[in-house]
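Before anything else, here is the set of structures, which you'll find just below.
Two complexes, one shared chain (subunit A), two partners (subunit B, subunit C).
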Partner chain A sequence: MKRVLELAGPPLLVLVIILGLWSLAVRIFEIPAFVLPGPERVFETAMFESERLMTGFRNTLIASTIGLLAATIVGVLGAVILSTSRLLERALYPWAVVLQTVPVVAVAPLFVLWVGPGLVSVVLVAFIIALFPILANTLMGLVSTDPALIDLLKMQGAGRVAIFRKIRLPNSLPYFFTGMRISAGLAVIGTIVGEMVVGRGGEEAGLGYYVVFSATQLKTDFVFATIIVSTGLGIGFFLAMVGLSSLVMGRWHESELRRDS
Partner chain B sequence: MVADSELRSDKVRVTVRDLYKRFSQEVVALQGINLNVQQGEFVSLVGPSGCGKSTLLKLVAGLEVPSSGDVVRAGIDETPGSVGFVFQDAHLLPWRTVRRNVELLLEIQKISNEERRRRADQAIARVGLNGFEDAYPRQLSGGMKMRVSLARTLVLDPQLFLLDEPFGALDEITREKLNDDLRELTQANGLTTLFVTHSVTEAVYLSNRVIVISERPGIIVEEISVPFTERHRSLRNTPEFVQICADVTDALYRGMGETGVNKQ
Partner chain C sequence: MKRISKRILLPLLIFVVAACVEPVEDDTISVQTDWFASTDHAALYAAELYGYFDDRNLKVEIRQGGPGIRAANDVATGRATFGLALPENIILAAAEDVELLSVFASYQESPIGLMVHESSGVSGIEGIADLSVQIFPGQVFWEVLKHETGISPAEIAFDGSMTAWAENPDWAVQGFATTNPFDARNAGAEPRMLTATTLGFRSYAGVIFTDRSFARNHPEKMTAFVAALQQGYADFLADPHAVIEYINRDINKDFLIEVGEAAAPVMQDLAVSADTESLGLGAMNPDVWNDVAARMLSAEIIRREVDAATLWTNEYLPTAQEQATQ
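Then we have the complex of A and B:
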């Protein structure tokens, strides 16, 4: 409990100060609510619109999860394939970089055109944006192995499969989780971008849809509420990855070790 | 420098004949090495950094291919596990416990779980690490990690034991302790050992024979026999021991002078 307080105390204090200044500024300068609503007003709106926010949260959560899972599967398989051959890596890796640099917001309308305005388009955007960090990091982990250990195993007649299973794969785990931590947040962002472009409301409405929808109606307080929920979702994804990585590697990896005191 | 009759002797385990190793046109690591190591012998290779002594060890291990000449490993089964190699650093897998690290190379050989565990625990005991079977490498000191590395190779019951500067990164006391333990292990098991080091004292203390290699391109400057039968800590202070160390050091300097580099 003391630990939790020590950890969460300072950032929470900052939050309280920012909220206080925000509230004060809105009052003192008499900023109109459609430009910048005060925190109390955002909270009220969030309560009032809780049903729609829940729908948005649920849909965004589903799309982000599917996008991240797809990126994980394709990213890891891709990294394994690229790690087997220098030639393949040289031929394909630059294209993965290109895929990463293509502005996904600009491509998203194409997906809508090709596969229709729905979950698939949204997931595609999330997938593309989340793929590269997982692919690049896992690949790095698979190839940056200790050459002496590989020699040692080869001397005992170990084949590529055995070396992969006993050295390369476990060696790549910390790198993989680094990629996952980055991609988890990106998947949520990708989903929201996708929802903004797809623009499906009602039961299918995601948080991204509500951002656009409420902004055009100058419901700035609702925009704020949506952004806060989206950020919360992103943090949740990130924390889930942190938890997963400490669950898998907690016993051995330096980054997961608690300081002895 | 090596008599022909010796080359044909039954007891010879490793014979290196007229061995050349070039990495490129300019970089010649080894230039005409002749060497034999007999059953149960402990031979050290000393030389300045970059002289090719580690390359020679890798050639004997079969990890490198000679440019010309051969390495004959007679009387050694050409099966996995017959040659044990220990690297300069421990190179342990951080995600495995001590026991699982020691089991690593046995796993390649498809040995049953119980047998593997039994042999691993035995090897761990041989290097004096009982009680640490379930520890992770990060919990061990540098010397203990090196012991695990030794156990990982000993568990194979190698007929030929190759060590590449295994104690280079350790502090003096730990090093001397491990020297005694290694000496005891190789003696007790009649291991044929080839040991690379840049420490003259260590080489003389451990070996039956010290082979001094010159600066690149590496040739054998001198072979020095070490006559002591018993080894004990205090041996290092005897005049005889100091004299042999001085001989080895002399040969080292000659090896550096011959190529005209580093002349003082």
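Then we have the complex of A and C:
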């Protein structure tokens, strides 16, 4: 309990101070609600619109998870393939960079044509945005192994698979999780962007859809409520990655051991 | 330390002071439209082209809208003097305690609606239930109609492009009766436009509004501005070509002359009503405003009742005698 308080206490205290200042500023400067609604009003609206927010949360969570999983699988496999040959890396890596720089909002309407609107298109947007950090970081981890360690294993007669399993893979894990932490947040952002331009409404509406919905109806308080839920989801994804990283590397990697000490 | 204060603190101080100083008030009337310049803003551009603002000593700056531009927000925050929007937006703003006043309706019946494929055979709201509807999330007419009829077709966020709709015969897409059928035909589709009125929701469109305090403090400017709009709009409806050319040549090259020529006859129908016959172009009627506000409340789009009578006025329209002398 003490540990939880130590960890969660400082950010919660900052949150309380921010909410207090926000509420005070709205009252003192008499800021109209359509410009900046106070936190109380945002909370009230969140309660009123709870059904829509829950639907949006559920759908965004599903799409973000699928997008991140797809990016993880493709990113790791891509990194492993690229790490096997300098030639392959030189040939394919620039295209991964190109994929990252594609203006995904502009491309998203094409997905509607190719695969139809809704979940698949939204997941594609999330996937494209989340892929590169995982690919680039994992690749960096795989290729930056200490050559002395590899020589040591070679001297003992280890083959490529054994070297990969015993040296390269463990060495790449911290890099991989760094990429995952970045991509976790990006997957949520990508999903929300996708839902704004190629998402479906009704029961399939995600948080991005409701951002546009509420802005169209000049409901700034609902926009805020949607943004707060989206941010919460992004933080949840990030924390899940931190937890996963701790679970996998907690007993042996310096970065995790240092955090525990 | 001294260097830091010179390099950082001084510019920061200048910035803060500049931000706090009230901007020098000039006489320019700024008008924020709802979209890129087109014939939907013909009243404004015609008045500008024919010099009707200048004739009345009005310095008017028309700002084109676009995605993400919400004229009601700009007027409410003082970034623009007038704005152009739907009555629904004015009612939504009123529900948020924003006091706006509508003074001129470019369209007596809104050209907004849903466009279907001719082959679908759909001619009313009942048929829409079986289609997928591509629409900007949160459109009031659509939310009201769904609430009232109980239909819940599949909905797709509209990205502004007609391409996907053209490829899918069982889709309906949000459209503007003035310009979008032309675009659709160009994309190879055979469109059928169902305006919001056809679907069962009559409202105005292209409503020009201002902040209520501006109207209260500048009655002469209000009268002059509305008179210029009316005169410009009448000239446009009588002979649209010059204004279409002006918009294309000087304002927005992406607005094609062919699109304007296709839009003009539709506008000539939608811009007039019994009210405009008796009171002149731009006139409005309490029944329409009250009905729209009541239906928005019933559909829980607004959460509290608003007094629709306070949101619009015909008082700045020129009298019949003044119109005759224009």
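By our rule, the second predicted complex is superposed on the first by the 256 of 261 C-alpha atoms of A that agree within 3 Å, B and C clash if a C-alpha of one lies under 4 Å from a C-alpha of the other, contacts with A are read in each partner's own complex, and residues count from 1 in each chain.
Definition applied: a contact is a pair of C-beta atoms (placed from the backbone, for glycine too) under 8 Å apart; a residue touches a chain by one contact, two chains touch by 3 or more.
Every value quoted in this text rests on a predicted model; they were computed, and no experiment measured them.
Participant: Just from the overlay, do subunit B and subunit C fit on subunit A, or is there a clash?
Facilitator: Once both complexes are aligned on subunit A, subunit B and subunit C fit side by side.
Participant: Touching A:Val197, do we find subunit B (first), subunit C (second), both, or neither?
Facilitator: Only subunit C is touched by A:Val197; subunit B is not.
Participant: After lining up the shared chain so the two structures overlap, which partner does A:Ala158 touch, if you call subunit B first and subunit C second: first, second, both or neither?
Facilitator: In the superposed model, A:Ala158 contacts subunit B only, not subunit C.
Participant: Taking CA centres after the superposition, what's the angle at subunit A between the directions to subunit B and subunit C, given in steps of 10 degrees?
Facilitator: Taking subunit A as the apex, subunit B and subunit C sit 150 degrees apart.
Participant: Of subunit B and subunit C, which one contacts the greater number of residues in subunit A?
Facilitator: Looking at subunit B versus subunit C, the one contacting more residues of subunit A is C.
Participant: Could you say whether A:Phe48 touches subunit B, subunit C, both of them, or neither, answering first, second, both or neither?
Facilitator: In the superposed model, A:Phe48 contacts subunit C only, not subunit B.
Participant: Touch check for A:Val112: first (subunit B), second (subunit C), both, or neither?
Facilitator: After superposition on chain A, A:Val112 lies in contact with subunit C alone.
Participant: Go through the superposed model and pick first if A:Ser214 touches only subunit B, second if only subunit C, both, or neither.
Facilitator: second
Participant: Per the contact definition in the header, classify A:Ala33: touching subunit B only (first), subunit C only (second), both, or neither.
Facilitator: A:Ala33 sits against subunit C, while subunit B stays out of touch.
Participant: Using the touch definition from the top, say if A:Pro170 reaches subunit B (first), subunit C (second), both or neither.
Facilitator: first
Participant: When the two complexes are placed on top of each other via chain A, what is the minimal CA separation of subunit B and subunit C in Å?
Facilitator: In the combined three-chain model, subunit B comes within 44 Å of subunit C at the C-alpha level.
Participant: Need the overlap of the two footprints on subunit A, from subunit B and from subunit C, as residue ranges.
Facilitator: none
Participant: What residues on subunit C touch subunit A, complex-wise?
Facilitator: Per the stated touch rule, the residues are 70, 72-73, 76-77, 89, 92-93, 96-98, 132, 134-140, 152, 154-157, 159, 161, 163-164, 167, 301, 303.
Participant: Which of the residues in subunit A end up touching subunit C in this complex?
Facilitator: For this pair, the touching residues of subunit A are 32-35, 48, 108-109, 112-113, 117-118, 195-202, 204-205, 209-210, 212-220.
Participant: In their shared complex, at which residues does subunit A touch subunit B?
Facilitator: Checking each residue of subunit A against subunit B gives 146, 148-149, 151-158, 162, 166-167, 170, 173, 249, 251-254, 257.
Participant: Spell out the residues on subunit B that touch subunit A in their complex, using ranges where they run on.
Facilitator: Contacts found on subunit B: 61-63, 80-81, 83, 85, 87, 89, 91, 93-96, 104-105, 107-109, 136, 138, 156.
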